[in-house]
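Chain IDs A, B, C and D follow the sequence of writing; residue 1 opens each chain.
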Amino acid sequence: MVTAAELLAVAAFSDGKYAQAFPSFGSERMGAPVMAFCRIDDTTIRTRDAVTCPDVVIVQDATLLHQVDLFAGLTLRGFVLINSTRSLNALHLEEFLSALPVGHVCAFPASDLGLKYLKRPLANAPLLGGFAALTGLIRLASVESAIRQRFPGEIGEANVASVREAYDHVTALTAEQQGILRR
Amino acid sequence: MSTERIKFYQTGTFTAGNRLLDEATRTVQSRVDRTNSLNSGHRACQGCGEALGARYALDAAMRASRNQLIAVNATGCLEVFSSPYPESSWQIPWMHSLFGNAPAVASGVAAALRAKGRDEVTVIAQGGDGATVDIGFGCLSGMFERNDDVLYFCYDNEAYMNTGIQRSGSTPPFARTNTTQAVADHPGNPVGTGKNVPRIAMAHGIPYVATASVADLHDLERKVTTAIGVQGARYLHIHVPCPLGWGSDPAHTMKVARLAVESGLFPLFEAECGTVVRSTPIRRKVPVERYLELQTRFKHLLGPPQDTNAIAAIQAIADANIVTYGLWG
Amino acid sequence: MDHKPFAITLDPGSSLANHTGNWRTMRPVYADHLPPCNQACPAGENIQAWLYHAEEGAYEQAWQQLMQDNPMPAIHGRVCYHPCESACNRGHLDEAVSIHAVERFLGDQAIAQGWRVACAPRTGKHVLVIGAGPGGLSTAYHLARMGHQVTIHEAGAQAGGMMRYGIPKYRLPREIVDAEVARIQSMGVTIKLNSRVDDLEATMAEGRFDGAFLALGAHLARRIEIPGFDAKRVLDAVTFLRDIEGAARPKLGRRVAIYGGGNTAIDVARSVERLGMEPVIIIYRRDVGHAPAFASEITEAEEEGVRFQWLRRIAQGDASTLTVEEMALDEQGKPQATGRFETIEADSVILALGQRADTGFLRRVSGLRVREDGTIEVDETMMTGCPGIFAGGDMVPGEQSVTVATGQGKKAARHIDAYLRGTTYSKPEGHGPATFDHLNTWYYSDADASKQPLLNLVRRRSSFDEIVGGLDADNALLEARRCLSCGNCFNCDNCYAVCPDNAVIKLGSGKRYEFNYDYCKGCGLCAEECPCGAIDMVKEVT
Amino acid sequence: MNVQMEGSQAVAEILACCRPEVIAAYPISPQTHIVERLSAKVARGEIGRCQFVNVESEFAALSVLIGASASGARTYTATSSQGLLFMAEAVYNAAGLGLPIVMTIANRAVGAPINIWNDHSDSMALRDAGWIQLFAEHNQEAIDLHIQAFRLAEALSCPVMVCMDGYVLTHASEPVDLPDAAHVDAYLPPYQPVQLLDPNDPVSIGAMVGPDAFAEVKYLAHHQHLRALDLIPELTQAFEQHFHRQSGGLCSPYRMEGADIAVIAMGSVIGTIKDVVDELRRASIPVGCIKIGCYRPFPMLQLRGLLEGVSRVIVVEKDLAVGVGGIVSADVQRTLSGRQIPVHTVIAGLGGRSISTSSLKQMILEARAERLTEPYFLDLNKTVIEQELARRRDIRRAGPVAEHILRTMNVMGTKVS
């Protein structure tokens, strides 16, 4: 998760934006619930306070959905990206998030993509691809370069592949949502 | 022939020098050109065993290292009596930092020398038993475990003398100190306490560990010289009587140390990579009483009435050492 | 490093500014204490000193040191009963240093190498010495060294006195005596043989002597009557020994009894053995424990087959037997008659009951007092009642032995010299004895004494060859090195090494040490760790 | 070179350019990332013959550097919180011996209760040990301060702590400009020790000093710190000329022109405060802020100058002198002695509590309205405090406070709220 936030910042950086990424520091053991934050702006970011009103929430572990109020302070035009094999319906979120603009909410099996390309259920890269597709705040190319920077060689390429599929996947899903709406 | 003859020399090889011996078999201390690493004018008590032990060890180290040596000193008597502003007794590059960190400071000196490619310089760390077996023990163990290129001298006078004779982890059983007083049913230092740092040093598997005594100069200098020739962490535990703390006559410093060795209470041995490889045989065995009776810290045992159990217990320790280290020549 | 941090960083060795000497209440001082060997030597030899040179293999130096006190080392190395060795501190450790063996080695070396002693410039004084025995020769030697002219008058045909006529060849080969006497003569000492002095004053006047030393020795044997025993078959030891020294072989018969328990009796018995007689019997009134003869002599005699009849008194005799009475010792160890008698076969008896000096002719000399037993009274300077006339050796009261005589010779020479110069001689003050408790023996390694070779029994019983052999150079060196150097620094460097305050200054190898009282705190470690006890701790004068 | 990078990694990168010869390391969060990266760089031989010593404690870490520095080596270590306190004795010793060691403090709270998050309690605990203490506002400044720190330390023979907020900076990924080694070399000359353990020129270092000279030794240490107050501006100026960017310095004002209220703080919270200042200025409230970049020595003169014409001062500090209140504010008060203006102490961000723009804004307005309690604890949960105090009144043996508070709040350990 922390890595995801960092990669996001790097991607934004290569987009020429200013970014600030930081984890919420628990004495984390592997697998324990974690939060990480990322600020992206067109000017220097000076503030250091915690992100209390996010514009985007990425949920890597859907099992947390009903334990903690993950969406507290989410802005009205905010985005939500969830890593799950289940649909928003199945997750009982459709109504809960209905206030958000159409196409701002999306659930997709990022871990499966990780499994597919990286042989391990790593959701980070796919989620970043999803983020780019869902929000359009950063360019897909930037995400790819950030990933290549961090993981040179094969692993990097495998990640990139997962990013691309995720990107297409999410683009399709949101398009579909808008389609539904048009009808 | 000449080696055969030495036995017949007036004094064998046991004195410091003797004009009848060839240069090579005389001690560094007998040389006119010895360093006197710890020079005159220091403020040690009369007959101080530690002052003597330090000069013995460092002069030998200076000679063996061709005067390329840096010494780090823990807080304690040795430091206080040798370096009060504005006068220092040290003739060698010397540094004092704290009570508990001499081994680490020495590791730092060694690291700096390595960084600067000055591998010819030997690094010495030294301290009393308090600094070594107690407060500095963590740093000592770290220096050992990293096998840093440091030779450590522990001058063991078996209590905190600088602060006025308090019990240390090296204080022998039954000994009286100001924190193990000779009162109540079990006077003196409790039996079954204390630690044997030479053995612990050996457990680190470092290349060289040895014990020595100011009473056997030839043996001590040989061990220092051997240690200088070895790379990595080395430990030399030197027995140095303290007239003040032991309640012995300043003139008896050597005698007391000698009796500790001859009784078997302070075994002289060498270990390489965790195994004892040599021990120095006892020349003229004596019962522990000969040792105890010269020190008021054991007065309460000698009575009257004599604490025969205690003395038997101490004798048992000596006898065990004699067996363990094969001290019969 | 000119801007060193203030106070926390200091210059090396700057503590030299701090003189810790003022802590001192006791101060160490180097002292040369009197070693027990020196103290015990009747000839007053500085044994520790000459051994010190011998330890280094500097034998001539050692011999020269020895010759300061004793002109006849080769002889003394053989015949002296070495009280020095009984006193030797090493005896407490393992075995006494075999001093006499080293002394003999040096003496023999000197003879072989022809070493010489230097003499002081002539003084023009002339001294008469009567008697060329050990006492006379010793005095003459020392006076000659001091630059005086000496003439010895000897009644006998050869010089040596009791060394020649009292001690058998097998203990003291005559060529040794000749060599050491010759060396003394070579120093300008004149010896007139066969010239008996009957009128001292006349001889003095005629030779214009400035002083005289009388060392006639004791050549008159004590005799007793043995009732019923033919007096012609009763000889005395002195005569017997003098006779066998010459070609004469006295008629003794097959079975010889010797009467007496002293060393002379043993000498006689062993000589008789060598003349091929039947088992010789020594008869003595007291038991072996009370016999004046040395135990070693008795054992050697027994080895050679001499038999002893202890606690017996010769009562009477007849043609071929002696009747002896059994004695018993009372509380005082005096023999008392028991009334029990027995007889032993004997063809002849040799009396070894002691000797006295023939000093009758001196009674005429004014002021000179002759005692009952024939000995002459002398004061502490060895001078008789008559000014300028000194006396020593067996003819003055006291123990009678070659070494004692030699020692007295030296003593007399010093006083005669003083007398001739019109001064007085006084012995220099010493530092007191170096007793065993002065030593720190831990530093000495064990080393057994080197044994001198002994002649095998057959040759011993059949010839007058010397019994005891000498040490070779190696043994002598090792033996010398067994010396503990009691009370005298031998440069072992201990004090220099054990001083916690570096307050001992080493003056260079072999040059001893000095204390640096600026820093010495007076702890006393140096004194305690000095192996030979050559450092004293004395109260600081405040 | 501009990069987006985690603070710790950036610091490690710049340290490599400073060419340390001995690095000692003992793990403690949140400092660990720095030395981890350095160990790799040393192993790869990217820092010459530099020795990386894995020690058994922070006490040993600094002790190793004491020996190495006295032997003429440029030395570095990093620590936090309990780690700094565990080496406390050596911290005083290094300063007393005048050894120019540079140490990064990844600022973290000091337990108990054990807490790994950021505040300034650790470096505050050792503010009087004789070390120079520099505080970084953001990661760019953090790396720049390290370059300056070596030059400063070696010029004065005085050790320097570079303090950067734990996690907030050490673990934050931000854009930074990393100068290259050659560029750093040109600014930072090789170390020339004033005292040295050298077999060819022996000295005794670390003498015992008695009443006759101890005060003088201490005065001279003080004097060195006063010299630092002159030297630091020179160094930062030289730095600006060389690297073309402002960084470090004793204290720097932000929008103080015409300011009536000055908010003073140290470290990363400055950024947040600047945002608040902008916002309030938009609402035409005349507030400005001053960053203290060098806390020891304390730049009284400079601060006093910046506070001319201000009528109210608010000191926001991430520490607490229990039983007293502010620590930095006490220094500020001393600075303003003689001037009759209110100096508010605001204790904020203890143990990692986030300092929000809203709370800060609110606090400033309250202060302006004279409604601040002294000292003022930002975002203190009053209900919990009252409950706990009440509980103590009732039950005599109340048990551990912290756990009980957590229980009543049922806060999730990993949640930032």
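Basically, a contact is a pair of C-beta atoms (placed from the backbone, for glycine too) under 8 Å apart; a residue touches a chain by one contact, two chains touch by 3 or more.
In this text, all values refer to a predicted model and were calculated from it rather than measured experimentally.
*Asks:* Could you name the chain whose CA centroid falls nearest to the centroid of all protein CA atoms?
*Replies:* Smallest centre-to-centre distance to the global C-alpha mean: chain B.
*Asks:* Tell me which of B-C and C-D has more C-beta pairs in contact.
*Replies:* Between C-D and B-C, contacts are more numerous in B-C.
*Asks:* What whole-number Å value describes the gap between the mean CA coordinates of chain B and chain C?
*Replies:* 50
*Asks:* Just give me the whole-number Å value for how far the CA centre of chain A lies from that of chain B.
*Replies:* Chain A and chain B have C-alpha centres separated by 67 Å.
*Asks:* Just the number, please: Cα centre separation of chain C and chain D in whole Å.
*Replies:* Between these chains, centre-to-centre, one finds 93 Å.
*Asks:* Using mean CA coordinates as chain centres, what's the gap between chain A and chain D in Å?
*Replies:* 35
*Asks:* So which bits of chain C are touching at least two other chains?
*Replies:* 7-8, 10-12
*Asks:* Using the touch rule from the top of the page, what residues of chain D touch 2 or more other chains?
*Replies:* As it turns out, chain D has residues touching two or more other chains at 97, 201-207, 209, 213.
*Asks:* Could you tell me which residues belong to chain B and also touch two or more other chains?
*Replies:* 83, 85-86, 88, 90-92
*Asks:* So in the complex, which bits of chain C are touching chain B?
*Replies:* Within the complex, chain C contacts chain B at residues 7-8, 10-20, 23, 55-56, 442-447, 478, 481-485, 490-494, 496-498, 500-503, 506, 508-510, 516, 518-519, 521-525, 527-529, 531, 537.
*Asks:* For the complex, which residues does chain D have touching chain C?
*Replies:* Listed in rising order, the residues are 96-98, 157, 194-196, 201-207, 209, 213, 216-217, 220.
*Asks:* Okay, in this complex, where on chain C does chain D touch?
*Replies:* It comes out as residues 1, 3-12.
*Asks:* Considering the complex alone, what residue numbers of chain D touch chain B?
*Replies:* That would be residues 21-22, 24, 48-51, 53-57, 59-60, 63-73, 75, 89-90, 93, 97, 197-199, 201-210, 212-213 of chain D.
*Asks:* Can you name the residues of chain B that touch chain C in the complex?
*Replies:* Against chain C, chain B makes touches at 5-20, 26-27, 29-30, 32, 36, 39-44, 46-49, 51-52, 55, 82-83, 85-92, 217, 249-255, 258, 283-284.
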